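You will see subunit A twice below: alongside subunit B first, and alongside subunit C after that.
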Partner chain A sequence: MEIKKTITDYTGVLTLSGRLDTVTSPKLQEALAELMSSSDKIELDFSEIGYVSSAGLRVLLLGHKNASASGKTMTLKNVLPEVMEVFEITGFLDILTII
Partner chain B sequence: MKGSIYKKIRKQMLFGSFVAAAVVCLAAVIIISILRGSIIGASEELGTSAAVDSKTALEIQMEESLFQLAGIKSYLIDEKLSAAANLVSITAHNAQYIVSEPEAYLPRTVLFPNAANAGRSVAQLRLAQNADYADLEAEIGLLGNMSALLVSGERSLDYVRSLYIGTESGICISADVDSDQDSVIFDPRARSWYIDAKAAGEMIWTDVFADNFGRGLGITCAMPFYGEDGSLRGVAGAGMQLGILAEIVVEAKLGETGYAFIANEYGEIIISDTVTVDGDGNIISQNLSGVFPDETAARMMNGAAGIERAPVEGRECFIAYAPLKTLPWSLVVIMSVDEVVAPAIESEERIIAMTGGTVTGIDRMIFIALLVFAAALILAQAGNSVLARRLSSGLARPVIQLSEGAGIIGAGDLEYRFDVKTGDELETLSDAFNAMISNIKTITAEKERIGAELNVATQIQASMLPCIFPPFPGRKEFDIYASMLPAKEVGGDFYDFFLINESKLAVVMADVSGKGVPAALFMVIAKTLIKNNAQSGKSPKEVFQTVNDMLCENNDACMFVTAFMGYIDLRSGKLTYVNAGHDPALLKKADGEFKPLPSKPSLILAGFENVRYKEEEMILSPGDTLYLYTDGVTEAMNNDCELFSTRRLLDALNRSKVSTAKELLVHIKNEIDLFADGAEQADDITMLALKITERMESIK
Partner chain C sequence: MTQITLPARLDRLDDVFGFVGAAMQNAGLNAKRQNNINVAVEEIFVNIAKYAYPEKEGGVTIRLSVGPSKFSVEFSDGGIPYNPLLKADPDMSLSADEREIGGLGIFMTKKLMDHVEYRYENNMNILLVQKDIDTL
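And now, the complex of A and B:
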């Protein structure tokens, strides 16, 4: 999985591509933790993420919780249907802010 | 492969030393050549200049010697001639005295030549043809007093053959040794010496002539004597044999080509060992002009002394000449320049030969030096070869040792230790290797320990899942089978089924986020909590709500669980189920196909506290089959990274013609394997199948 980081004003955008699974999710966890200390608004561009495993969900959940705890926002955008299905099944749709 | 470093080093060393040696050789050859050139040049120059110097020195010395020789010889001849001249002068004066004082002398007899006296110098009387002894007796008697003087005079000089007086009256008294040959009749007045002296009125020297008695060339010195009245009374003379003088001239022959002669004022050679006479006794004189350069001859005839270099008879010669005092003659010494300088040429040749020898010697030495060089080179190369072999094998050995050791370690022998004691970087490398192996051993041991523990954990996890089939041997209402195939180590999937009471069966399918020990631990907790809560009589919804809240406590790692749980009332066939973010269960009605069990998605367990879960219901009839699974099934991948997917799963399930739950799971597993085509299993594959066979009878 590739992670591209762009920071504008107070918004940090991570553009992801590939699979978010057991192997790659620690990278996202690290990137999120780093971004969390500098940006108030975090956007995750999921336009090129085709698969999210439970480990990936865990990182998203962690990010969401950390953001909420520190009064920041984490938003997912451009989520593909197959990934959206996973979010739907797992109930993440109700938790995550997806636009 | 092995020994290539060794070969490389050796090759490089040999090449390096060879290049160095070649450069040294080349330099040596160049230097030697330059040296050779300058030595030969110097040697030749030295030799040539020495030869020229010695030649010049010899020539100068020879010129001086020849000049001196000419002087000495002319002096010697002068001495002899003037001695003879003195003798003649004394004889003439004595005769003049006697004839002037006749009364003072008694007559003294002089005999005619007597052959018996031959060989003995005696005075002998000879008379002219027409002279009358009787008329001349008184005068003969007077002049007879000259006998003692004449004889002693003749004997005093060995080259004087005769000493005599001749008178106007025709008397001749002579002292000589030729008594046997002298004729009695002899007219002195007719002789040239007499005529010349009479005419000259003073001492004269005759031309050179042939001796009367065949004793070679002669010359006569004559001097007139007079009476008191001043009239000519006679002439005194001495006959000299030039042969004896010639001996002086030609004695001690000058080398091979040198010779001496006396030339007269006319430029005629008159005394030499080669002068000959004709039948008349005349000298066949050789004229100098034909032999000498004219200027030289002229200078000579003018009475000059000198030494010159001029061609004589076609040969370059030294010509030394010195005049006589008594006669207008010159003594000439001639010697070929070649002969004079022969020693110089010889020494020049010797020097040049020596120089040549030097060159040859130098060349030989250079050759020997080059040979020695070549030998040294070969020896050095051989030595180098040995050194290179030693050095390179010395360098290569530890490398080979390290390489072999690495192979041994690679094969798994972590007890192996390198023993390289070269004291250089290789030893450091070897020590580093040893330290590394030590670390690897420690790490490996640690990993093995962890591995062993994980194994235990896996076994514990596996043993926690119901794995004895059939689990409820007495129950005929349902057929249940489940399996979990962990991807690696311990996984986060789990299934469970248990009887809550006699008529209520619970089935659980769950997946903990992540893998490994944390997931396994979380799974144990979740499984235990679910089962405990379910068995305490709570409805599925209540169980999940309780478990969710409990799991949310102290869940800093944000682990979560997706789970499906259903209760089946074995009597009524009612399935009450709740889904916490899990893949929907698939249900096949007895006469239909597998379809997802409708369920409203709810949030995963352990995500947030106080989540309300929703229960749903469905009636199961005998023949219906419920299939539960985790995403390990639908997300199994093949080598093209394609997912097995829910669609393929449904197809596989619906294609199945099997009857039992176990067979169904085996069939699906085979289908997945077929699809994966050897690709590594990425996630746990966990499945559970429940087939309702009949309704439990109501309580009787």
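And now, the complex of A and C:
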């Protein structure tokens, strides 16, 4: 998985590509923690993420919780249908903010 | 039928994706089905890599069989006997703060596959997952 970071004003955008799996998820966890210290609004561009496993869900849940706890927001955008299916069956559609 | 045997280690996950991915491509599976099968394959392989061999390194064999209507993946390992299908499903009604992530992987596997079966045979854990591939 590749992660590209763009920071503008108070918004930090992570553009991800590849697979969010057991091996790659820690990379996102690190990037989110780092961004959390500089940005109030975090956007994750999922347009090139074709696959999310439970390890990926764990990191997204953690990010969402940490953002909420510190009054920040974490938003996912451009989620592909095959990834949306995973969010749907696990109840994550109701937890995450997806636009 | 095609098979691969490799060390049950997390750093081999990409090899597993490569092996199963090639067969899914050959079978012409759509993105959604490939995704569903990948989820199951990762969860099972990672479970074996993390828990099957607590004291030594061990292996896992993955057998694929592709029929006209089913794509089957069978995992066998000689680790400690463990039936992951007995794990309780996570409570999906809880809010973000209360959610626990444990058990989600096997839950997803059960949801996304059409048939899931565990048996312990000749000192081996054998877990078979199947996806129907003959419908649209």
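Going forward, the second predicted complex is superposed on the first by the 99 of 99 C-alpha atoms of A that agree within 3 Å, B and C clash if a C-alpha of one lies under 4 Å from a C-alpha of the other, contacts with A are read in each partner's own complex, and residues count from 1 in each chain.
The definition used in the following text is that contacts are C-beta pairs under 8 Å (C-beta built on N, C-alpha and C of every residue); 3 or more make two chains touch, one makes a residue touch a chain.
Computed from a predicted model, the values in this text were never measured in an experiment.
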Which of subunit B and subunit C A:54 touches, first, second, both or neither: both
Contacts of A:22 with subunit B and subunit C, given as first, second, both or neither: both
When both partners are placed on the shared chain, which of subunit B and subunit C touches more of subunit A: C
Partner chain in contact with A:81 - subunit B first, subunit C second, else both or neither: second
First (subunit B), second (subunit C), both or neither touched by A:34: neither
Which superposed partner A:93 touches (first subunit B, second subunit C, both, neither): first
Common interface residues of subunit A - those touching subunit B in one complex and subunit C in the other: 21-22, 51, 53-55, 57-58, 61, 65, 89-91, 95
Touching residues on subunit C, where the partner in the complex is subunit A: 10-11, 13-14, 17, 31-32, 34-36, 38-39, 42-43, 46, 92-93, 95-97, 99, 101, 104-105, 107-108, 111-112
Subunit A - residues contacting subunit C, complex: 19, 21-23, 50-51, 53-55, 57-58, 61, 64-65, 68, 80-83, 85-86, 89-91, 95
Contact set on subunit B toward subunit A in their complex: 492, 511-515, 557-560, 562, 580-584, 601-604, 607-608, 631, 635, 643, 682-683
Contact footprint of subunit B on subunit A as seen in their complex: 21-22, 51, 53-55, 57-58, 61-62, 65, 88-95
